[in-house]
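Next up: some structures, all given as structure tokens.
Look at the two complexes coming up: chain A is in both, with chain B in one and chain C in the other.
Our next item is the complex of A and B:
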């Protein structure tokens, strides 16, 4: 994959409100980066800016370079070559990224036939194998179902399969486990970990939850109010947090274990 | 549940947590079995019982955006239970205003909130307003369904602390429904684990979380993401 370099990215609304003041980070080949922050901090907008999907009333400045191509001034047809086949994206709510009136198999077949030229039996086999890759237990049933007929965990697996269909070099995962139960969440995180490893892809993992990020990324960029407040290796940031916000994130990620420790000592409860 | 001992109810989506809460609120009727409150059968056809039960049992929900009427000022949103439960029937306007202000102060907001609308507040502040409305009738039991799930980490801690304070100040017992074990561990002495509509484990939070017996409880504990 080419390197993705975001430098001093700024995003403003039409009325001049600054939504991202300055965000910079680099995603090297095969690296896994977590973008962390609260709702409204600008982490999802950064992802949309990379894929050229910012809403029309927002404007971006600064630089987002993918290899030699400057994405902020790229034409729509240049961006279309990046989307899907270079950068795939999965969002929080899989229902909103799936067509409600089209069976899963047909939706998954579209990018597979368009980008890999598959037809007939080959296409059917490719659909089933891409559902199997995301560990869907019964690919045949899911392929023949509409989105509302499968579970939330299965839908998110399908959304991941869709994002992977054009064999992207980078996957952007935007709060992909936030609407899931803890046990489904841990299965999806394991799945993501395996796929990124096997395909040697780069990963941008967007979340508000440090403990969730810690399961899949090595590096983090922590954003608050549109500004990067800390960034670097995950372990170093956990060992030596500088800002109050990052200390709070760490305390929150450890809260269950700390409470269990107290409870076991017959502490305050 | 016994008075004074908070109960946490955990389980995945579809395990029956919220159904349990809706049964307790009389929004659903049980197919069989019964719910007793202070040794009396919870039966909403008994209007006298229903009136006193509604004063004694109040609820806070996950989403503070949908639980407040966007066109109702905070003052009247918080005062509403006083009217609808008949608490303010023989009282003066001043008495109502005092009581509303007191509830607002108790949840950590001030007088300036009274004449504002819900959209003027953050998620954390709105959840405080919803809590003020729930406690203004001085209930004995507060049912809290995912009370902090939609809040950011900073507000999550603050609202948990607020619930602990109100518990003492108002003499509340709280039933907390959550998929987040750390919220239960912070607030509840007792825990009940639901799987597919059945209780698979119950006991004190300390003992259940320290040495879970049911495979499902073990799985839930293992699934909690942790940092290295």
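Our next item is the complex of A and C:
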């Protein structure tokens, strides 16, 4: 995998409002990077800027380099190559990231047949094995269902399978556990952990939840109002936060943890 | 009440009504009880075994004229809606993709079109091309294409904002493929209902045109022109006004039932809500 280097990324709206003021980070081979911040801080926009898919009324400046290629000035066909084979993305709401009127198997089949040239029985086998890879218990049933016919957890697994279908080198996970309940959250995080490990992919994990990020990533970039306020190894930041905002984040994550701990102990007695 | 039975029943009743009208329309091509120029019936003779719906002021058989009217109604409805869907749908999808100034320009254009009364547009076209069935179809088709354009634009925009479009783009799908794969399958159920509605409206618009004397000239008979002819004799022969009117209502109801039934039965989104 080539290195992804984002330097001084800025995103402005048409009216001149600055949505991202300056965001820089580096994603090396096999790195798991967390983009952390409250909603509206510019995490998701950063991810969209990387894929060159910002909405038409927003413009990005600065630099996003992938290997030798400068993505912000790349042509559409260069971008399409990167998108297809290098980057996959999973979104917050799996119901909106799957086409509601297309069966799961067919949706998964599109990228599989496009990038791996599979047809007929091979394709069917590949669809079922990619569903099995994301730990779906009954791949046949899911492949023949519409998105609304399967559970929320299954949908998010399917969305992950879909993002993995082109065998990307980088996976962008945008708040993927936010719409799931806690037990399914941890299952999905475990799954993500395993797959990233097996495939040796780079991960950009976007979340507002420090506790969730702590389970998955080794490095974090903390963004507030479109500005990076702290970045580096997760452990170092948790041990020694520099800014008040990060201190606050850590304190609230800890107090939630303590509360949960007490509840658990209460349950065991 | 959105049980499966109801959707099936709508489908059933709708198909029977439309099937019957279609059958009569086709039958009129090869057979009508009397020729359209046959005036042997006597002026305004009432209902009899020879003339099921009586005759008109010239002694022509009402039933034969009604059958030809069915053909004209189906023809106008089908072709006008086809023009509307193809033209309006294409324009609407393009407008759906357009952004910023181009989008503003296109949607203002569509707003003007939709604000322009269909009937007035139709009269302009008929005035320019002369009254014929084709003029009528063209005029009505153009008129309703603005409705389709606006609807498709909105639907396209709402689908383009969905995450699965971004996901699809990221996996390298081109815009034309996105239209075929994601946009069309997602918008047709909504479009279908409008198609049905507009089919009925096209039939009514043709009737209005004919009523105003701008519709298909003889030997074409439409239900609208029958209504117009009947207005002078409505007190002596009320049936000649009631029957075409009721047939128009039946046509509109039938098409709507059919479209509702099809939509409920085949739209996976509605199936999910049950």
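Keep this in mind: the second predicted complex is superposed on the first by the 256 of 269 C-alpha atoms of A that agree within 3 Å, B and C clash if a C-alpha of one lies under 4 Å from a C-alpha of the other, contacts with A are read in each partner's own complex, and residues count from 1 in each chain.
The rule we apply is simple: a residue touches a chain if its C-beta (ideal position, glycine included) is under 8 Å from a C-beta of that chain, and two chains touch if they have at least 3 such contacts.
Just so it is clear, the structure is predicted and the values come from calculations on it, not from any experiment.
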Combined model on chain A: chain C and chain B, fit or clash:
fit
First (chain B), second (chain C), both or neither touched by A:131:
neither
Quick check on the superposed pair: does A:80 touch chain B, chain C, both, or neither? Answer first, second, both or neither.
second
Would you sort A:114 into first (chain B), second (chain C), both or neither based on which partner it touches?
second
Is A:185 touching the first partner chain B, the second partner chain C, both, or neither of them?
first
Classify the contacts of A:195 with the two partner chains as first (chain B alone), second (chain C alone), both, or neither.
neither
Tell me the contact category for A:158 with respect to chain B and chain C: first, second, both or neither.
neither
Draw lines from the C-alpha centre of chain A to the C-alpha centres of chain B and chain C: what angle do they form, to the nearest 10°?
80
Should A:91 be classified as contacting the first partner (chain B), the second (chain C), both, or neither?
second
Counting only touches as set out at the top, which of chain B and chain C does A:14 meet: first, second, both, neither?
second
In the superposition on the shared chain, how near does any CA atom of chain B get to one of chain C? Answer in angstrom.
16
Could you list, by residue number, the parts of chain A that touch chain C in their complex?
14, 48, 51, 53, 56-57, 80-81, 83-85, 87-89, 91, 93, 96-102, 110-111, 114-115, 146, 148-149, 159, 162-163, 165-166
Where on chain A does chain B make contact in their complex?
38-39, 152, 181-186, 189, 208-212, 214-215, 234-235, 238, 248-250, 252-257, 259-260, 263-264, 266, 269
Report the residues of chain B in contact with chain A in the complex, numbered from low to high.
12-13, 152-154, 156-157, 179-182, 185-186, 189, 205-206, 209-210, 219-220, 222-228
Can you list the residues on chain C that touch chain A in the complex?
99-100, 162-164, 166-174, 181-182, 185-186, 267-269, 271-272
